[in-house]
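Quick one: the structure is below, questions incoming.
Naming follows writing order (A, B, C and D), and every chain is counted from residue 1.
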Amino acid sequence: MTFWNDPINFLSGWLSGILTAWGLPATLAMVLTIFIGIVLLVMFAMTLDIFLVWVERKVVARFQDRIGPNRIGPFGLVQPFADIIKLVIKEDITPDGADKVVFNLAPVMAAMAVILLWAILPISSKIYGVDLNVALLYLVAAGALGTMAIIMAGWASNNKYALLGMYRMVANVIAYEIPMVVILLIPTILADSMSVKSITEAQASTWYVFLSPLGLLIFMISAIAELGRSPFDLNEAESEIVAGFHIEYSGMKFGWFYASELLHAFTFGGFASVLFFGGWQVPFLLADGFHFGSLVVTLPGIVVVLVQALAFLLKALFGYWVIMWVKYSMPRIRIDQMLAFNWKFLTPLSLVLLSVTALLGQLQTVLLPWAFTLVMFVSNLLIIWITIEILRAYARRQRKQEERITAAAAQGAHQ
Amino acid sequence: MPAEQIVFLLCAALILVSAVMVVTVRNLVHAALWLVAALFGVAVLYAVLSANFLAVVQIVVYIGAIAILFLFAVMLTRRDLVVRTPGMRGSWWIAAVLALLVLGGLVFLIVNQPGVNRTALAIPAGVDTLHALGNALVSSGQYLLPFEVSSILLLAALVGAVYLAVSRKS
Amino acid sequence: MNIPLSWFLILSAALFCIGLFGVLTRKNAIAILLGVELMLNAVNINLVAFWRYLDPSKMAGQAFAVIVFAVAAAEVAVGLALIISVYRKRSTIVADEIDLMKW
Amino acid sequence: MQSEWLYIGLFLIVGILIPVAPLVIAALISPHKPNPIKQSTYECGIETVGDSWVQFKAQYYILALVFLVFDVETVFLFPWALSLNKMGVFAVLEGILFIGILVAGLVYAWRKGMLEWA
């Protein structure tokens, strides 16, 4: 095992070797090595988070035909650091009558719920936290902790806006969790596993976006709703309830809510790429280099790992960019529309998609891979077509009804 | 002391302390939050027992759904709490004695059971408990009937709860 | 695994008794349900511990634990709906005052 | 216990320490000059009216209720999804029956007007 072929294992072996040489017991040295690895991974996530603040501000500026931060550092790149310094030195205000312990616990828990997701995010075939065999449910469980943090923040603030924002946010998050969980079942069925590593490896030949494009669409919609971003940002409708559940938070505590929202959005982009875009899979890239038919370009392991990591981060950034794109081009929807859209449209649709996928999934072992892909793709298109037809028929009926009502009203006015 | 025992003891302390807080704290929102802590401890315990699926389901179902419902119910009926805040009954010590008697009886039964101090064997290498659980739940010879019946139970619960919760215009 | 089975059983018994204490002493109906949740969790710990210690290749313990989850969810849904319904009619959730069916 | 859960436990510890660290630093270096006006709860620049833990719409509670039942049922589908490869079409049909019962609940709630925001 050399550095060039397996860098992560090499480094961890080297580090624990040094620690044992210092006289630490072997298990303790291993735990310490893992601990350092985790700290590095989380630090990477946090650095990415700081970078995302800049990306978000720059992209929103471009969407709104502005330049965005451009004063501090090249292209305003140092701007987020200035933001952080500002947040840290700001006075931290706890409102009167707040439930102090719960109030202070909430931002930590919100950040923790997002950081925990990085434990299972497979950045490349060699760089990943842990290969958990229930990873997809773990994703949902971490989301549940985040919801609990929102409830704690909204309740402990002793503020009506915070409480109302919390109710809206929780209603939003829990409603859209149903289609999200149902869609998580689709890669589970196709890969016959809940582990993100196996799901990524199962997409070596075909990304699941070709097998289930409708699944990706529903996943992205419910991910945006889970994040509480526009068009589902009723929790912080400025004209109604100001900032929502974190209205009373200031300084770094507010900073954590903001940072965890951004990192959460990026992480969801990452999971979209794992579930539907093959995660770290790069076309033609195998463990030892590129294979174009008979032409083989051999690469050392470390280059392969880095290319995979780069591919994963780009795919995740693409998912994040789609979330931003939706956020900055859609108006906010009303709460009744939001709930009706979920319970009357998205949930039934995702259940239909799940049933069809489960039935057709039986063909996976019977058909050739390309035929199976074709069958799945066509079935998805058929479901989309039927849904649109049903919606059009419904809209036509609504329109006729409305015409009848306006006609009757016009007649009444004449008489 | 092996690491597993330390984890178990920490976890047991978390569960028991939170459980005591759940049944004694006056503020019901705090009681529900302590319940979340206790349930989290139980999830860690499932992880210690290598029941991965149950560990995550414990968090998804209990913390992600049941605890939220409890908190909402407490907030919906809070007028009562603010005005009168009834804590425990005056005769709480009878209940305490009763609970201790039950505990004593159970512990007596447990420690006198033969083979109760056994330690667990490693799970055989070829056994994938996750797939095994799935197969057990859908094979007709095993738990298919309870599995389907539980869905009917949940349907009945939904119908009943919705019927009760709707304010009827009467 | 180095933990004796009895540890799990005693922990579960203790949790069950704390839940029982809560059910017996609390006046608020929601708090009584919180106690019931603790008792159900105690039962589940037992089921999973027996699964792990007796025969991990037979899924009986885990399957039953899964079904207990469903039962717990159904119990909470109906129980809380009942409490809310009573609260709407009588503006109280103190169990002693809900005495319409006493006789 | 499996080593993967130990890893997640370590991750949990790091996941708590990293958010706490900046909060501690902020608490040490940021000014702390509380006064009653500053600490009063925010309400559009006017005096706070009434108790802030207001009664809320029961609709939120009913949605949480519907969610609870659906959450449990969809989580149950995960073991089912993992058994499909081995158990074949029969298992798929069982799952579809299960989903059908789920949809029946949804239809009931819909017909009862539970999903309307009235």
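As a convention for this text, a residue touches a chain if its C-beta (ideal position, glycine included) is under 8 Å from a C-beta of that chain, and two chains touch if they have at least 3 such contacts.
Note that this is a predicted model, so its numbers are computed, not measured.
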B-C compared against B-D, more contacting pairs: B-C
Farthest chain relative to chain D (centres taken as mean CA coordinates): C
Core chain by centroid distance, with centroids computed from Cα atoms only: D
Centre-to-centre distance between chain C and chain B (centres being mean Cα positions), rounded to whole Å: 6
Inter-centroid spacing, chain D versus chain A (mean Cα positions, whole Å): 15
Cα-centroid distance, chain A relative to chain C, in whole angstrom: 34
Chain C, residues touching no fewer than two other chains: 1, 66, 69-70, 73-74, 76-77, 80-81, 84
Contacts with two or more other chains, residues of chain D listed in rising order: 1, 6, 8, 53, 56, 58, 60-61, 64-69, 71-72, 75-76, 78-79, 81-82, 95, 102, 109
Residues of chain B touching at least two other chains: 3-4, 48-50, 52-53, 55, 57, 60-61, 64-66, 68-69, 73, 75-76, 79, 130, 133, 137, 147, 150-151, 154, 157-158, 161-162, 165, 167
In the complex, chain B residues that touch chain D: 3-4, 7, 44, 47-50, 52-53, 55, 57, 60-61, 64-66, 68-69, 72-73, 75-76, 78-79, 82, 130-131, 133-135, 137-139, 144, 147-148, 150-152, 154-155, 157-159, 161-163, 165-167
Partner chain B, residues of chain D touching it in the complex: 1-2, 5-6, 8-9, 51, 53, 55-56, 58, 60-62, 64-69, 71-73, 75-76, 78-83, 86-87, 90-91, 94-95, 97-98, 101-102, 104-105, 108-109, 112-114
Residue ranges of chain D in contact with chain C within the complex: 1, 58, 61, 65, 68-69, 71-72, 75-76, 79
Residues of chain A that touch chain B when the two form their complex: 27, 99, 102, 132-134, 137-138, 140-141, 143-145, 147-148, 151-152, 155, 170, 174, 177, 194
Complex contact set, residues of chain C against chain D: 1, 66, 69-70, 73-74, 76-77, 80-81, 84
